[in-house]
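Quick heads-up: structures coming right below.
What follows is subunit A paired twice: with subunit B in the first complex and subunit C in the second.
Presenting the complex of A and B:
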């Protein structure tokens, strides 16, 4: 009966990295096929495979950590580094879109009328729905912190309630943004204003959806007693991600909605 | 007359050369003297002089600014029913600086009513 003489996790062979790579190939090439040959089969197949991979891979991680005890303190430290590095890479991702926005808005070209917002663009009032959205996300930051403290205190019911409230606030934000997108007087095709606005806020919205999903998984796990008051890294990772999403929104709000109006 | 002086104060104008000649403080200047000064300037014109507002290699803003200023000057002086000769300075500058295709594009846009600049 062999035991490891170290605290690290030597992961068992797994097919999910391969299926993930194949999914990435199918999604990207499938999207190109869709653009040029009007066929969505490859892209759809790739997306299905991607979703399956994510579900099964992360399910395996939960099994290894929560049920099999492989997530010792050094292993958890590695997971923390990983999540921080991932979020850092996402920060750089958004930095690019902010660069694009400032490039075009600080020195508006003659084609725009030499002004920002460009001639002919009616911007959204930053003190209407966008301000409400800001309040919603800030409140969700409070509720997720409340959830964290509840988990650490071992308060099961408040943890479930505050986590559920956080997710509801996330849905409310997404719903409000959806309405704004529908009602907006300009589209993504409306010059560089439309492009910068919808690409930046669009990717942000996608991250809100991803973050809400991550939190929802945590809610299910909390209900099923996965988290202890000492060990709940999945939740912490979700909370970090959620705070990151909130901070990106604050920058978006100040730059694009307020200064840019 | 006073209107033209007021206009000169308000609109962006090549700072050094014309203002020195124009001497806004000297209300004694008559229309004739000013017209002569402008004529002198225009006759001596070779190309757009250095404009400290646009010191760098990219002169797009210089072209755009003078194109706008010419048409704003035209519009303002026409509205007052005054001789639009002072506006010709801006015309000379933008004609010197701007690519012909830009001028044509902007002229067409003004015809159509789709010109994005504020005139």
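Presenting the complex of A and C:
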């Protein structure tokens, strides 16, 4: 049997990068076709392929790391760099939408009434549901930290409980935001206010859902004894992502909900 | 930019050194206290904070008027340069007939 004289992971050939690329093509072009030709088949097919790709690719990574021992310290370090770089790219993604918001709100044009919020827009009270949402996400940051320390100290049950509590708080946030979206007296089609509001908070909400899913996967893995007190990078990555989501919300709350009201 | 590099270094270092610190946790007790600290913070600060905000919401809801906002046919609102790709193309994804007027006014009302 061949052995490697280094600590790095030479990954086996895998079809998932290709299926992922095909899925990306189908989702994007499918969405354009939906908009113009009223057919959803390509977009749906692309989404299913994307979900299958994600499931199988990440399942394989778990197999390689947790069961086959390929995630040595140098490999883990590389994964850490990767997650940090990814989150950094997401920071820039949101930066763009904040740029758009401030561009429009710092110098409101005459057609809006020369004021911000624009004439005719009834904004949401920042001290009602948005404040509750802030408390919910901040609390979830505390609970995920409790979970991390529990994992590091080998406390299985508290780790499971605190992680589950974190996910529940995430669901509660999503539920509250959904309610807000439905109750809002303005829509995405209400000029630049509506566009900046729903695109920025909408992408944030999508990231909350992604983060909650990531944490849920970690919960299942913790229950199945994947994590050790020394090696649990999947959880750390999920926790970093979750803190990032929390920080983005804080900026959204201060800028759009509070200052922009 | 440099700060970002330093932040990533700190993240890398802290996670790795934390695991290394844990190896000596048996030698002294402070390692076992951290989870307990965050558990206390959860039940004394974080969750009560959420409860207070929920109470605040409940109280504010009661003193609310549930009036429909007045309809003024502003041209910079209710933009329909392209129809929505669902339904009749005139309603947003989270359309609420009670608070979201269509370009001609609220549904089911005659202005």
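In the analysis below, the second predicted complex is superposed on the first by the 261 of 261 C-alpha atoms of A that agree within 3 Å, B and C clash if a C-alpha of one lies under 4 Å from a C-alpha of the other, contacts with A are read in each partner's own complex, and residues count from 1 in each chain.
In this text, contacts are C-beta pairs under 8 Å (C-beta built on N, C-alpha and C of every residue); 3 or more make two chains touch, one makes a residue touch a chain.
Because the structure is a prediction, the values reported are computed rather than measured.
Novice: Taking the superposition as given, does A:173 touch the first partner, subunit B, the second, subunit C, both, or neither?
Specialist: After superposing on A, A:173 lies clear of both subunit B and subunit C.
Novice: Per the contact definition in the header, classify A:114: touching subunit B only (first), subunit C only (second), both, or neither.
Specialist: The answer is first: A:114 touches subunit B but not subunit C.
Novice: Quick check on the superposed pair: does A:183 touch subunit B, subunit C, both, or neither? Answer first, second, both or neither.
Specialist: second
Novice: Would you mind checking which one, subunit B or subunit C, touches more residues on subunit A?
Specialist: In the superposed model, C touches more residues of subunit A.
Novice: Report for A:16: first if it touches subunit B alone, second if subunit C alone, otherwise both or neither.
Specialist: A:16 contacts neither subunit B nor subunit C.
Novice: Need the overlap of the two footprints on subunit A, from subunit B and from subunit C, as residue ranges.
Specialist: On subunit A, the overlap between the subunit B and subunit C contacts is residues 111-113, 118-120.
Novice: Under the touch definition given earlier, write down the residues of subunit A that touch subunit B in their complex.
Specialist: 109-115, 118-120
Novice: Provide the residue numbers of subunit B that touch subunit A in the complex, in ascending order.
Specialist: 60-61, 64, 68, 102, 106, 116-118
Novice: Any idea which subunit C residues touch subunit A in the complex?
Specialist: So the residues of subunit C in touch with subunit A come to 4, 8, 11-12, 15-16, 18-19, 22-23, 25, 31-32, 34-35, 37-39, 41-42, 45-47, 49-50, 52-54, 56-57, 60, 69, 72, 74-80, 85, 92-96, 99-100.
Novice: Under the definition above, what is the set of subunit A residues touching subunit C in their complex?
Specialist: So the residues of subunit A touching subunit C come out as 34-35, 38, 73, 77, 80-81, 84, 88, 111-113, 118-122, 125, 127-129, 131-132, 134-136, 138-139, 142-143, 145-146, 149-150, 152-153, 155, 158, 162, 165, 169, 181-191, 194, 229-231, 233, 236, 240.
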